[in-house]
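Next come two complexes built around subunit A: one with subunit B, the other with subunit C.
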Partner chain A sequence: MLLITCPWCGPRDETEYHYGGQAHVPHPETPADLTDEQWAEYVFYRDNPKGPFAERWMHSTGCRRWFNVLRDTVNYEVLAAYRLDEPRPELPQAGGNR
Partner chain B sequence: MAEPITALRTSPLAHLEERMRSATVTGARGVTLTEWPFVTMVNLRVDPASEAADRVEKALGAPLPRQCGDTAASGPHTVVWLGPDEWLVLSQAEETAVAAELREALGGDPGSVVDVSANRTTLELSGPAARQVLEKGCPLDLHPRVFGPGRAVSTTVGPIAVLLWQVDETPTYRLFPRSSFADHLARWLIDAMSEYRGPEVP
Partner chain C sequence: MTSTPLPEHPDFLWRNPEPRSSYDVVIIGAGGHGLATAYYLAKNHGITNVAVLEKGWLAGGNMARNTTIIRSNYLWDESAAIYEHALKLWEQLPEELGYDFLFSQRGVLNLAHTLQDVREGMRRVNANRLNGVDAEWLTPDQVGEVCPIVNLSPRTRYPVLGGTFQPRAGIAKHDHVAWALARRADEMGVDLIQGCEVTGFLKDGDRVVGVETNRGRIHAGRVGLAAAGHSSVLAERAGFRLPIQSHPLQALVSELHEPVHPTVVMSNHVHVYVSQAHKGELVMGAGVDSYNGYGQRGSFHVIEQQMAAAVELFPVFARAHVLRTWGGIVDVTPDASPIIGTTPVENLYVNCGWGTGGFKATPAAGWAFAHTVATGEPHPLNAPFALERFATGALIDEHGAAAVAH
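Now for the complex of A and B:
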């Protein structure tokens, strides 16, 4: 079980959260100009790194707010949790492929 | 004008009243379960840094809690923190009056005041064994060094999402599940309470 620290509520069990997939996927600036392939890329294609991965979580049984979590996909360690208006924190030891 | 509605309403746990009463355990490991139906609840959303929040605080007579777990009591109202810009006002006063008062305080500013009294019901779990009953299914640390009277958090008890508020040091907890989940939660609690009727198993 992961112990995730909600930026507003503090550390809570994983069962209180919902997973929201990869974070920092910007909506296309001109969606109308995209080809089907580019649109599919935006909608469906996600990174699958080995190592730190920024993903979205929502504290569904708590404050019901979305936030981002930096999680290591190898050992499942939760490296950081930060609000949506905060930038992705720099890790002291840059690992992974991002 | 409001009489016909209040006369017709039934609480989500009216059918379990007898079961809850007979589940009462007395003694050193005592625990009781009761429902407090029809508590006025108003959901409030407003930017805590705005002037509208100041006006709301004046109307309530208490500051809006700014931290997770904090509550503020004032007269008939208790304000519970739900999120960084969201609160639940629990009140003994009449629901339309509370909502109208808060809506007036909010004025035309961004935010919302919604009467959600029918959204949840209130279960009171009280007695020396109450914490042990909750600990069977609540992932939070409810030990007095962390959690105490006046603390309220949203969490889960068993599989049910509830707002959990500790009222006093008996300990007495009030659980606010959604109405449609109340039946399951009450039965879950009745089952969890049953072991305290017998002697403690070492």
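Now for the complex of A and C:
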């Protein structure tokens, strides 16, 4: 069970949250201009890295707010939790093993 | 059920050759699908200058971690075709490979607990029959006849309202399947190379011409990717993306028991799937963990939910003990159907996205993927499962029939 720190409520068990997949995926700015391939990218393609991953979680049994978590997908360590209006935090050694 | 002894086998079923500098075909991943692909490349297409590269040990990934359920009762025509082709191959493979891997056609029961389950199940039975797949709709009493230990009380939280039954479905001994395929592929000249991790791809423009590995550079005319949970990682190294998310999927076994469970029972709604292995362990599968992960382990609360469902459905299991739990990494696609075909990189082919249900498809995946790699064109069985479907919108939505929550 993961221990995730909600930016508003503090550390809580994973079972209080719902997962929302990759974070920082912006909606297309000009949707009408997208090709089918570009729509496919937006709708179906998400990063799937082995290592640090910025992802959305929702505190569904708490404050019910979305926020972002930086988590390692190999050892599942939660590296950071931050609000939606905050940028992805820099890791000491970005994108690699710590 | 427990009376059949496991077959004796020799010390070595395959050579362990050093990798050569060049092959006609390199397959990445010596799990069930990679081995089946190599077997059918040699058998159906006469291509034997083949290496199967495995970063760990042979069949040590999901092939060693699945719950060995084999069935073909999928909803859509495209899925029924490929999974039923697999089931027909399973029926002939023990004799063809000369290896009794204890394929036991004891049937699979998919329980319905809600009105929606009932409607979906009846629809699927009808779709299966139209596709020549054996399927029956069972009333709760008939469920009790097939599997007497299922709790049919109307007072449970989600009472059993009926179920679909595929009599030709069943289980097999997964390790032995891999060893049987490996032995025959090896005999026909395929090099099975363990401890050989692909770290990069050699390309000439948009065409792949080989792979970089921790054991040196290996040139290849064609490369087939059969790396399950690590498909995204390898695709990225090759310079393209896949619509895949890797999730942990857990399973567990109990200690050995006398035969009590005559079939395979799956329940989407309360979510557990159970069979009893030949030796006597109860084998149970859980749902995927919600988060992406490569750690080959999941969260314990997922196991807890699964056990709660198992004990409600099978009160007789209440005093059984969990002997061990484990996790594998499954490659989940948006429509719960696999991706088998060409990629944006010339001469590089992909077989992935089987998610939570790849074991049952092992022979057909190998059959179709070998055809694709050998000819450069998809087989009619895998043509609908092209990567392009995510742009055309021709998805093959099998979330209902996939039967594992994800």
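Just so it is clear, the second predicted complex is superposed on the first by the 94 of 98 C-alpha atoms of A that agree within 3 Å, B and C clash if a C-alpha of one lies under 4 Å from a C-alpha of the other, contacts with A are read in each partner's own complex, and residues count from 1 in each chain.
To be clear about the criterion, contacts are C-beta pairs under 8 Å (C-beta built on N, C-alpha and C of every residue); 3 or more make two chains touch, one makes a residue touch a chain.
The structure presented is a predicted model; accordingly, all values stated were derived computationally and were not measured.
Look at A:Arg65: by the touch rule set out above, it reaches subunit B but stays clear of subunit C.
Look at A:Tyr76: by the touch rule set out above, it reaches subunit C but stays clear of subunit B. In the superposed model, A:Thr15 makes contact with both subunit B and subunit C. When the two complexes are overlaid on their common chain A, residue A:Pro26 makes contact with neither subunit B nor subunit C. By the touch criterion defined above, A:Pro92 reaches neither subunit B nor subunit C.
Considering which of subunit B and subunit C touches more of subunit A, the answer is C. Across the superposed pair, subunit B and subunit C both touch subunit A at residues 15. Interface of subunit C with subunit A (complex): residues 230, 232-233, 241-246, 290-295, 299-301, 334, 390-393.
Of all residues in subunit B, only 68-69, 82-84, 86, 139-140, 153-156, 161 touch subunit A in the complex they form.
Listed in rising order, the residues of subunit A touching subunit B in the complex are 8-10, 12-13, 15-16, 60-65. Residues of subunit A touching subunit C in their complex: 1-2, 14-15, 18-19, 21, 36-37, 39-41, 43-46, 48-50, 53, 55, 71, 73-76.
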